[in-house]
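Each remark here refers to the structure printed beneath this line.
Each chain gets a letter, A, B, C, D, E and F, in the order it is written, and its residues are counted from 1.
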Amino acid sequence: MTFLINVENWEWSDIFTITLVGYSVVFLVLVLLIYVFKLMPVVLNYKKRKSVEPGGAKMKGTEAHYVAGEVNAAIAMSLILYFNEQQHDDESNVITIKRVARIYSPWSSKIYSVNNVLR
Amino acid sequence: MRKFATVFTIMGLLYVLSAFFGQAELYAQTAGASSGSLANALNVFWKHTGFSSVDYKYLLMIAVGLFFIYLAIRYNYEPLLLVPIGTGIIIGNIPLMEGFQIGIYEEGSVLNYLYFGVLKGVYPPLIFLGIGAMTDFSSMISNPRLMLLGAAAQLGVFGTFIGAMAMGFEIREAAAISIIGGADGPTAIFASSKLAPHFIGSIAIAAYSYMALVPVIQPPIMNLLVSKKERLIKMKPPRAVSKLEKILFPLIGLILTLFISPSALPLLGMLFFGNLLKESGVTNRLAETARTSLIDIITIVLGLTVGASTQAVRLLEDPVTGEMVNKGFLTSGSIKIFVLGAFSFAVATAGGLLFAKIMNLFLKEGNKVNPLIGAAGVSAVPASARVAQQEGLKADPSNHLLMHAMAPNVSGVIGSAVAAGIMMNFLL
Amino acid sequence: MRKFATVFTIMGLLYVLSAFFGQAELYAQTAGASSGSLANALNVFWKHTGFSSVDYKYLLMIAVGLFFIYLAIRYNYEPLLLVPIGTGIIIGNIPLMEGFQIGIYEEGSVLNYLYFGVLKGVYPPLIFLGIGAMTDFSSMISNPRLMLLGAAAQLGVFGTFIGAMAMGFEIREAAAISIIGGADGPTAIFASSKLAPHFIGSIAIAAYSYMALVPVIQPPIMNLLVSKKERLIKMKPPRAVSKLEKILFPLIGLILTLFISPSALPLLGMLFFGNLLKESGVTNRLAETARTSLIDIITIVLGLTVGASTQAVRLLEDPVTGEMVNKGFLTSGSIKIFVLGAFSFAVATAGGLLFAKIMNLFLKEGNKVNPLIGAAGVSAVPASARVAQQEGLKADPSNHLLMHAMAPNVSGVIGSAVAAGIMMNFLL
Amino acid sequence: MTFLINVENWEWSDIFTITLVGYSVVFLVLVLLIYVFKLMPVVLNYKKRKSVEPGGAKMKGTEAHYVAGEVNAAIAMSLILYFNEQQHDDESNVITIKRVARIYSPWSSKIYSVNNVLR
Amino acid sequence: MTFLINVENWEWSDIFTITLVGYSVVFLVLVLLIYVFKLMPVVLNYKKRKSVEPGGAKMKGTEAHYVAGEVNAAIAMSLILYFNEQQHDDESNVITIKRVARIYSPWSSKIYSVNNVLR
Amino acid sequence: MRKFATVFTIMGLLYVLSAFFGQAELYAQTAGASSGSLANALNVFWKHTGFSSVDYKYLLMIAVGLFFIYLAIRYNYEPLLLVPIGTGIIIGNIPLMEGFQIGIYEEGSVLNYLYFGVLKGVYPPLIFLGIGAMTDFSSMISNPRLMLLGAAAQLGVFGTFIGAMAMGFEIREAAAISIIGGADGPTAIFASSKLAPHFIGSIAIAAYSYMALVPVIQPPIMNLLVSKKERLIKMKPPRAVSKLEKILFPLIGLILTLFISPSALPLLGMLFFGNLLKESGVTNRLAETARTSLIDIITIVLGLTVGASTQAVRLLEDPVTGEMVNKGFLTSGSIKIFVLGAFSFAVATAGGLLFAKIMNLFLKEGNKVNPLIGAAGVSAVPASARVAQQEGLKADPSNHLLMHAMAPNVSGVIGSAVAAGIMMNFLL
């Protein structure tokens, strides 16, 4: 289709151009997303406030949010501790995907009766 | 109500009958294109129904399919396979008009797309992946010498190979048929997809039929070859196997077997890969999926299409004479395959039993092998291991052989895959 | 922070604007190959963006996709289909430059590979397998005469066939469109993949849209055709069905329907196979996988690609005139299909209701059928059965029709598959 | 193969014929199924009765069946109530990823509300 | 590639050769595996003993193993009884396929530690 | 017992040795076709074994495979990938005789069929579907400006592009290699399948190796670039995100990113689709399947075949000179790719860190960003976010950065996909 450069006889200027444009586009995309998500809560809250107004002061705004955020942070901490532990543990107990499921009788009656899949 | 339904049924029957007596067709021909469209339509409809081209052979096959399903439900014989295969047999033997992309052998049909994975040998390795992810090789690792029994039982494979040649099969067909003696469905399907694709259906169905009948086939042979005294031999309980050994097993097994028999790579590579996923302890979610969703999906599709590939009548032009020849399921080939299949299971069982007796000649007292577990070398996991256990209990109700029988049982799977690989090496 | 982001955004906008005014292109042309590579790059980048080739039609389709997702999330209308289809519509209507293996109609693209299963009719039978594995046919078995209602509602199919011919569709297109009247998504997709592949998207979306709207479409027709007195008819509770009957049902159904209408094999074969897996009692793990992982995976891929096939504009060369013609979604064909779809659902509903009234003429007092359940014969399982229940409750809050409505509801699935098979028999 | 009509130059009579035959075949298939399932319990009961006879009056026949049917109806009612509730609820709590799973809503809303998959 | 025999005009000697070589190779493979797994515990124990030595008599060797083996045997027995029962039971209760499964750790270690999939 | 096994082993060794010394072959040649079939058979068998064509390079690769598996099991480094890839490397480096449909590059082999999805870029989007269905984007939504860090870290991609050109790669190869800097396996595999299919193996393995080594690579760079004082910066806890915002995110993200970079459609379209399935609240069963069975099946097959594609030696005819050239894994190209990979991870990390410091110049006190979380912009989810957390804890045991680090971490995934899309726009 529209080849920017000659694939065989490229020049360094082309390379730098691709780099520059490419890197800028990555920023462009994410900057647009940033604006959208900066605006979104404003729009949504505006709509909500309008519909809530008659009912009274239901929303405490940002403060309430931060509380929830603290909870998140606590969860994050416990997670990190959990993962750390898991990583340094020699016999890692990562196992728990147990479907309580006895895996009974597969293919060609290969029940392998003695297989203790869930150790 | 009854009146009502009756009216409709009679109408329907009238249609059918009129078509049956061929009058519709006649009328259509004489009356020209524009008139007579009802008779024409009825004629077309009739020609498309299964009734128009039905043959007793199709009905016979449908009866076989129903019988498989009956066995599976009533006696719990390999239901995970016999139900899909039985249904497949029924579906594959609905008499069809060709050219409408419905039948399994017509390009572009749904069944044909699903059959692709059988024809190219893609499904059996995926089944082996799941089997690897659910098999515990401990009993084999803890008592490795019992693996010899799994090797010995491959006598069934090689004996059947000679037998099939004697019965006049082409050499590659004989090799494919011989793998029935390995008593492993996926291995037999894989080998025949490479060596004799036109026999996939017969070979698969023979293999699974006899695997379902292991509890019937093996005990008489045991009675013949194993003395009462030998049956009483008690074996030491196997030692416990460490986690590390379990992890090393699939890796060593993979490298060793594939260096010696690279043609077994698709089967054994996947089997050991699945087992590594299970034993590594860090990939449980992959092992879990491999032994549930993945193996189930493949089992459903494989069973159904293998069953459906057993079309009773399949007229193909003979490349030499130009005549139309029936290359379907109901030919002398299939019957011979069934005879050879029974033979192969018997020989394999005898091979395992006799080899165990030979081993005992070399073993010290107290270390001897109970010959009954030799029969488990045919694999047909775990049916033949259970037969060994039950026969052992008959002689001595306190002699549990199951754990010991699992070793030859599982090594028989490896042995058959290696045997299939060798056959492909020599004959592809 | 704001300052910072602003700088970047302005930079980006400048690029875009410069490209937009075409100066970049101009510059690139005049300045030669080696210089001006920045302008050239911006130009290439711009041409690749969706903005460069956007058209109001694409935006309209994206709005439709969003609306589908809204309906699914807000009103819980068929979310398992409308969410994937809606997302697919959005993805399929991002304006693309051709030749980069991205679009669903370009060979070698990921979407094209996934679409293959739609185009070849492979996905719908697998969906039917899962549906069979989750459907309980008890209510139909216990009161078989109610199956007639499921047959009667196929009036929607055949009425629409005539309607589509009258509106000027080609005969195979008309047959494909008529299956919308069956109110079964997979059947409609399967039939159109065989009869009119270029209409798969429109037909699927019409079918699912109206299936989601069944609670809106049916009640007015019920008000029109069913009198207050008829609505009060109470039906005997259905008898319990034995396990054996449940096992025999898929087997008998399979053989009977496929002998009469072999073209329905891919759909009905799989439906009954799935049901056998469920009812046999010995293949639960296969049934479980068929009705969870398998059907889910296929649903995701089918919904997404069917949605993505609704590209608003798709310029193809006319084989006769050589002109480029829009064969995309936003053409008069799609609009006509939507009109016919609404018509077909109405006719099907009327067919079911009226036939129930006719049946009552032949039935003794105390044995009569409540005509409301006739509407459930359109299938659209279980939405239309629920509509019958709700309308019944309006007239008499103690009159629960759901159990009875399930019989025509489920038999409607079989009826549509048979109708689709007949259409293919006649027209393929 | 056997094309019934000329796809290009069809006539209305062909269309009506297809319609008529097609609709009749649909009925034919389902009527046959009806006869089979009307006959089936008769046949099965006959066999059962023969094998039960020496044992005594084990089966109470249709009445017993209707009782089971009432239970079904009750289940159906509770289901319908459940679904109604679910549908009108604004923040539907459908979320719970529980595959403990009622297998609810498959394809094309095929909830088959009465299916008791987990017996 | 390297066809051993003429597929059309084979001789019985070829057939017996294939049989002999094939059967021997099967044994060869499994005999090699036997040696490896006979050696493995020796090697592993040797390494372990070396690292344990300073700590004292932690391993009781083979005896301890046999105890575990007895447990295995007991399990095996209960399994066999279980399967037998299952086979003869008409209404098998095979149903229990529930997954309890926390869904942890996806692709490329994408644990997304903060994802609370199970709300 | 020992005696017994010894006899057999010696027999086996004798066979092997006789073949090894080439006498069998010699004999076969001199003795004619009919005689000497045993020697002939042994010769054929020997030629098929891996031993006959083994090369130290294959053994080296097998050692690499074993090392990967060791890392995965011992240190829990990306086990879900390193175990399948490691096993794949072993399987792909069993020396094979060609022409028997076993190797991954031979048409018709099982591995080749499974590899198809890698070669055509079908698997990576399905992986992204599953990732989308398990990812919670809350932290990104609640603090959108942190997304810039995910963009900044793409410096690794573009820096590596220049580096690869400087090292003499062809321009498309360089673009494919550069995506290693994105630290996302599926993206790297997808891009190289389109831009430089012969490097898929090397690129994938470099990407996953360095992703596993993120905890080793990043801390020194952090020490170099982030001062003690900066490490102590505490960030406000993120606000809670409403359900509606979570639903809108994938929809807006989908439309916005795809309009700007349509070439990222297969990856980002699937990522956001998966996330919509998760967040919509009405399609949980689909999301559940996407993030379990579906992603697991694809992971198994993708990992295994990508690993198996690293055949050490692969002699292909040079199109120009006609000579046989090694296009396998063990060539200078792979080594350069590994060097560039290390470079790219370092540059990406530096890019993220420095950009965070630049951002702080524009931000008010109390609102500043802890530069450590910039390193998480490389993605390699969630390893790099954890590194940021751990380094933060070293400076201040009460400063938990994980939640904040997830935002650049997840946006880095989007950034890399966009970067890969741009590369394809320019160079395909």
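Just so it is clear, a residue touches a chain if its C-beta (ideal position, glycine included) is under 8 Å from a C-beta of that chain, and two chains touch if they have at least 3 such contacts.
The structure presented is a predicted model; accordingly, all values stated were derived computationally and were not measured.
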Shortest chain-hopping distance from chain A out to chain C: 1
Path length in the contact graph (chain A to chain F, fewest steps): 1
Homomeric contact chain B-chain F: same or different residue positions, threshold half: different
Chain-chain pair with the highest tally of contacting C-beta pairs: C-D
Chain whose mean Cα position lies farthest from chain B: A
Centroid-based (C-alpha) most distant chain relative to chain D: F
Listed chain pair C-D, B-D or A-F that repeats interface A-C [over half of contact pairs the same by residue number]: B-D
Rounded Å distance between chain B and chain E, as computed from the means of their C-alpha atoms: 22
Cα-centroid distance, chain A relative to chain E, in whole angstrom: 37
In chain D, residues with contacts to at least two other chains: 4-5, 18, 21, 25, 27-28, 31-32, 34, 92, 94-97, 99, 101, 105
Multi-partner residues of chain B (each touching 2 or more other chains): 5, 41, 44-45, 76, 79-80, 97, 100, 138-139, 145, 148, 260-261, 281-282, 285, 288, 292-293, 299, 386, 402-403, 422, 426
List of chain C residues in touch with chain A within their complex: 5, 8-9, 11-12, 15, 33-34, 37-38, 40-42, 44-45, 47, 97-100, 285
Partner chain F, residues of chain B touching it in the complex: 120-122, 125, 129, 145, 148, 194, 247, 251, 254-255, 258-263, 265-266, 269, 272-273, 276-277, 280-283, 285-286, 288-290, 292-294, 359, 362-363, 367, 422, 424-426, 428
Touching residues (chain side chain F, partner chain A) in the complex: 75-76, 138-142, 144-145, 147-148, 150-152, 154-155, 157-158, 161-162, 165, 170-172, 236-240, 242, 244-245, 248-249, 252-253, 256-257, 260-261, 386, 389-390, 400, 402-403, 411, 414-415, 418-419, 422-423, 426-427
Residue numbers on chain E that touch chain B, as the complex places them: 4-5, 7, 10, 12, 15-16, 18-19, 21-23, 25-34, 36-38, 40-41, 44, 62, 64-66, 68-70, 72-73, 76-77, 79-80, 83, 86-87, 92, 103-105
Of chain D, residues touching chain B in the complex: 1-2, 4-6, 11, 13-14, 17-18, 20-21, 24-25, 27-28, 31-32, 34-35
